[in-house]
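Have a look at the structure below before the remarks.
Chain IDs A, B, C, D, E and F follow the sequence of writing; residue 1 opens each chain.
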Amino acid sequence: MKPCKRIEIVIEAPLAHRLTERLRQLGAPGFTLVPDVRGAGDRGERRADELSGDSSNCLILIACDDQATVDSILEAVRPLLSRSGGICLVSDAQWLRH
Amino acid sequence: MTAFLGNLGSPPLLFFFLGVMAVVVRSDLEIPAQVAKALSLYLLFAIGFKGGVALAESSVDAGMLLTLLAAVGLSACIPIYTFFLMKKKLSTADAAAIAATYGSVSAVTFVTAAGYLDIQGVAWSGYLVAAMALMESPAIIVGILLYNHFGKRGQASANLFSWKQLLNESLFNGSVFLILGSMLIGWITGSAGMSQVEPLVKDLFLGLLCLFLLDMGIVAARRFRDSRHAGDALAAGQPLRLMVVAALLMPLANAMLALVVAGFLGLGEGNALLFVVLVASGSYIAVPAAMRLALPEANPGTYLTMSLAITFPFNLLIGIPTYHAMIRWLL
Amino acid sequence: MTAFLGNLGSPPLLFFFLGVMAVVVRSDLEIPAQVAKALSLYLLFAIGFKGGVALAESSVDAGMLLTLLAAVGLSACIPIYTFFLMKKKLSTADAAAIAATYGSVSAVTFVTAAGYLDIQGVAWSGYLVAAMALMESPAIIVGILLYNHFGKRGQASANLFSWKQLLNESLFNGSVFLILGSMLIGWITGSAGMSQVEPLVKDLFLGLLCLFLLDMGIVAARRFRDSRHAGDALAAGQPLRLMVVAALLMPLANAMLALVVAGFLGLGEGNALLFVVLVASGSYIAVPAAMRLALPEANPGTYLTMSLAITFPFNLLIGIPTYHAMIRWLL
Amino acid sequence: MKPCKRIEIVIEAPLAHRLTERLRQLGAPGFTLVPDVRGAGDRGERRADELSGDSSNCLILIACDDQATVDSILEAVRPLLSRSGGICLVSDAQWLRH
Amino acid sequence: MTAFLGNLGSPPLLFFFLGVMAVVVRSDLEIPAQVAKALSLYLLFAIGFKGGVALAESSVDAGMLLTLLAAVGLSACIPIYTFFLMKKKLSTADAAAIAATYGSVSAVTFVTAAGYLDIQGVAWSGYLVAAMALMESPAIIVGILLYNHFGKRGQASANLFSWKQLLNESLFNGSVFLILGSMLIGWITGSAGMSQVEPLVKDLFLGLLCLFLLDMGIVAARRFRDSRHAGDALAAGQPLRLMVVAALLMPLANAMLALVVAGFLGLGEGNALLFVVLVASGSYIAVPAAMRLALPEANPGTYLTMSLAITFPFNLLIGIPTYHAMIRWLL
Amino acid sequence: MKPCKRIEIVIEAPLAHRLTERLRQLGAPGFTLVPDVRGAGDRGERRADELSGDSSNCLILIACDDQATVDSILEAVRPLLSRSGGICLVSDAQWLRH
């Protein structure tokens, strides 16, 4: 087990591709993406029922044990969220080595 | 009048109503999201293929090319006056998004109108499908150009937005790509190809349109209700009443314009109706997807609600038979 | 006997078996959840529409109204004796849920019986579809009333449960709403409407029923296996054997009752079979959904397993042809 | 970044609507809902394969930086869970301001 | 040559191209995952049912049994020489997985070939469907046996892997089970059953095949692109060029072998083509699923990319008409 | 509220059944499984778009308040992950009693 940060991002579906592309460039060790997620927040309800995918969210989970990478990920996420909404949470976790 | 009642009394429209009613009585009826998406892909595939086969059976002539040109031209011009009208009351971003929305087209409204003509036994030409596909993108580009010129673009936007991505987004958007591709394949394979896929493409068309409009009724009614609930929050910037009025007048005004153009082009009854419907409709698939990437400052609660929850039902229920009556009367 | 073998040998039933076998041999065969849901919506849409069109083509008469009344009446009475029978061995909540389950109906059993009649070439009337839709809700309400009267309702329940929500849940449950709505639309549009959607509504009916029953076979067999595995835990309160016996005897007893009523009503062969099948079947869509909200103390491992994993296959495989044989013999 | 509580609720699908309605009334800042989730717990296996939606769960994630709201959410969740099953976990996280 | 162009110009193939193009131009066109899965289940159901009905209408003879035997035999032998060839350049695990992949079959290639024959009006026999179903599993078992014998199995593998699970996985894999089951039901119900499900099973077949191949084009092209991107990482162990060459030569070599066997068996034109296509194709559903459980050391980036992104399109576009031309010329 | 461990596992879909079977044997108090999850990691991108289910992941969440059970779950997960890839994170949480 090694300590790591657990980054959790909720972002609208049309932007998910852009974010995962960015994660790769920043050298994130990986990510897991839950598609077709609903939600509600400052900008009202998002029902994940529109054909444009416009009202669907994605939940992205990133485990990262390198603080510099964590910081650069957060730096990359911030402008996306401030323009288009969504949330980003960071917490501590233990990563099982295998 | 009979056309009007005939339209309201056709199964696809009644299923749209049923979807609306489901939301009104708070039923939990719901078409699973992936199936609704698949139904929309089916409609694009079927209408594209049919259009392509029809195209293969007709010959290219000057009238056809002129019509396509007029369609693209209108799709690029409508956003301009829409933008300046909207900018008086709304933010630059919202005005640009609404401009793009109404310059572009609603594939489902087109498909419903085509089904309406089929039921009424009025002929229409395959190249109108090409017109539909060509009208999706120009409006998006004009909308963004307007915003770039008249809005002050913030820092954040700058590093997110690239013209290359946007062109890609608007030209190769999934639904545009599928219509164009299916049309091309229909055109290549012609009636031999049609005979292979006819049971799917033709026979099931109206039945599946019913199920799809059931879903659209649910989605549109939900969005309308949400926008009413959000009333207070919007009160400052985007008064609901303005949205409703604009979303009803714009299709009418654009339809009038299209009617004049259709007259000049000398289009027949069926083609004229589809042409008018294209111009009068507003996008709620391709444009919102592009706007979220290029203009996230614009509020989908405004432009998407207008096109999906107001203009779309209006065109479906009242617009199509009204335009039809006017065409019959004028052309 | 030939009817019996004919039923067992029809593709829909054999696909139900195939689904059961998939679970027995632990195959990973599975219909994606959203597609299974869409298939069930399709069946409700198709049977509702067909029923409505049939209704439009017949005239309303006293016999029809009496039949509907009898259907609603049985749906409200059956829960009463079921409740008191079950309360002897089970908790009040479980007894009430089972009562509601068997008072209500299984749309899929009805649809399969209608398909069975179509295959056998026996006529049936559209208003039986209305009977089905009307029978879904009363049983739910009676079940809850019984529980409220005979059970001591805890604090927690009180603040979660409102009659308004419950009525809404049972009257406008998605499947009830879709059947009624499709029936209404079929009735409005009549045979003109049918000609538009016939390829979807009629031609594909039996084929899609096969795929749907394949899924039902998988789901029912899984639930049966789970309930056997959970055997120990249940042993105290709800012995598996009791569940199996009750879930086999109840449809038979209710069928006998319905047979007598059908005789009094003077129903023809096809209508009598559908009437009996409705009364004999137990709900596994609308009722469980309502029970989770109104009676969460009741264990779905009991009532849902009984209706879905035992009564449903029983009616499908043995019930339908048996009831048919009895009708032929008696009426 | 500001500290917040991360509330995670697994509840059966028919009750999800009721819970999100309640969240709104309580002034929760938002929520994210993952539909069609399977699971197993005290009341056996829930395979998310039934047409009634009866055997599907939802996973609901709520980020909340106001302790009073957190408490009222937990108060509202408890009776739902004790009647119908499910779980609720609370942990600490950092919320990225944007 | 006309057959070749005819194949390329048929709607199903053109939709495969369209899917590939969607990935090339980076369109966001996508068939929802559950719907794509449902389409594949439909194809297995339809081809199985059709095969079973055809079987019911013919009589079992020695030729048929010999063909089935030859099919199973080839499916068990091909992995052996494939394994030794591949082991020269790749790890034992990868070699074994590739061996299993090419010994087994691709149901979609078979289905496309059957559609191709239908379009061309060439007859084929239902028992070829049985051959397809029987060829899925033996290759898996031989592949694992080869690995067990020639690879040194690690500790971790030992406690994860059980022959029982594996046999179950390969014999009752969802797709194998569905084909066999549908074939059995088609065989039992014969032409009476077919008349009930014909609109679904026959009429919609080619249309739905179009939509399915659209999805396959997207998936195959994505995987090919991913494997090119991953180029550097693979450079050490699995050179991309070797993968491409092997994935093109193997189907050709196996097709030659099958052609000889088909000649010995005296198969007619249609049956010979399906036999050759089965032998020449590589699995990308059943085998990868089994390999992930039994041989996780093998890299799907190698075996799955070869069968799905190279061999599958090759067989679809070039293989089928080429094999057909050769059969016409030789047999 | 009682303290517990929150175990989060991302594993490929064909192995999920095997893992949940194992969890039951080990006496895990329950689990929640999010199907059809995409991702990327050491072994490249997993797009959840293949018919074999081979490129889909599952996200499994386990709340467990017994350290011995936690350890035995981690012991059971490790060989699966080291053979087939995926990740396992462990963090602290509070479990709402109901």
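One rule holds in what follows: a contact is a pair of C-beta atoms (placed from the backbone, for glycine too) under 8 Å apart; a residue touches a chain by one contact, two chains touch by 3 or more.
Quantities reported herein were computed from a predicted structural model and do not represent experimental measurements.
Participant: When you check each chain against subunit D and subunit E, which touch both of them?
Facilitator: Expected: C, F.
Participant: Under the document's definition of touching, what chains do subunit E and subunit F have as common neighbours?
Facilitator: Intersection of subunit E and subunit F contact lists gives nothing.
Participant: What is the chain whose Cα centroid lies farthest from the Cα centroid of subunit E?
Facilitator: Max centre-to-centre separation from subunit E belongs to D.
Participant: What is the chain whose Cα centroid lies farthest from the Cα centroid of subunit F?
Facilitator: Farthest from subunit F by mean C-alpha position: B.
Participant: With touch defined as above, tell me whether subunit B and subunit C contact each other through largely the same residue numbers, more than half shared, or through different ones.
Facilitator: Comparing the two copies, subunit B and subunit C contact each other through largely different residue numbers, since under half are shared.
Participant: Starting from the mean Cα coordinates of subunit B and subunit D, work out the distance between those two points in Å.
Facilitator: The computed centroid separation for subunit B versus subunit D comes out at 38 Å.
Participant: Between subunit B and subunit F, what's the gap in Å when you average each chain's C-alpha atoms?
Facilitator: Centres of subunit B and subunit F (C-alpha means) sit 44 Å apart.
Participant: Between subunit A and subunit D, what's the gap in Å when you average each chain's C-alpha atoms?
Facilitator: 19
Participant: Centroid of subunit C to centroid of subunit D, CA atoms only: how many Å?
Facilitator: 32
Participant: Hunt down the residues of subunit D that sit against at least two other chains at once, touch-wise.
Facilitator: Answer for subunit D, listing residues that touch two or more other chains: 34, 36, 48, 79, 82, 91.
Participant: Which subunit E residues sit where two or more other chains touch them?
Facilitator: Where subunit E meets two or more other chains at a single residue, that happens at 30, 33-35, 37, 199, 203-204, 289.
Participant: Quick one: which chain pairs are touching?
Facilitator: Taking the chains two at a time, the touching pairs are A-B, A-D, A-F, B-C, B-E, C-D, C-E, D-F, E-F.
Participant: Under the stated contact criterion, what part of subunit E meets subunit B in this complex?
Facilitator: 9-11, 14-15, 18, 21-22, 25-35, 119, 199, 203-204, 206-208, 210-211
Participant: Please output the residues of subunit E touching subunit C within their complex, sorted ascending.
Facilitator: Those residues of subunit E that touch subunit C are 33-35, 37-38, 41-42, 45, 49, 168-169, 172-175, 177-178, 181-182, 185, 188-189, 193, 196-201, 203-204, 289.
Participant: What does subunit C use to touch subunit D in their complex?
Facilitator: Against subunit D, subunit C makes touches at 30, 33, 36-37, 40, 156-157, 159-160, 218-219, 222, 226, 230, 233, 284-286, 288-289, 292-293, 296-297, 299-301, 304, 308.
Participant: Give the list of subunit F residues in touch with subunit A in this complex.
Facilitator: It is residues 8, 10, 34, 36-42, 48, 57, 59, 74, 77-79, 81-82, 87-91 of subunit F that touch subunit A.
Participant: Can you tell me which positions in subunit F touch subunit D when the two form their complex?
Facilitator: Where subunit F meets subunit D, its residues are 1, 4, 6, 20, 24, 29-35, 61, 63, 91-96, 98.
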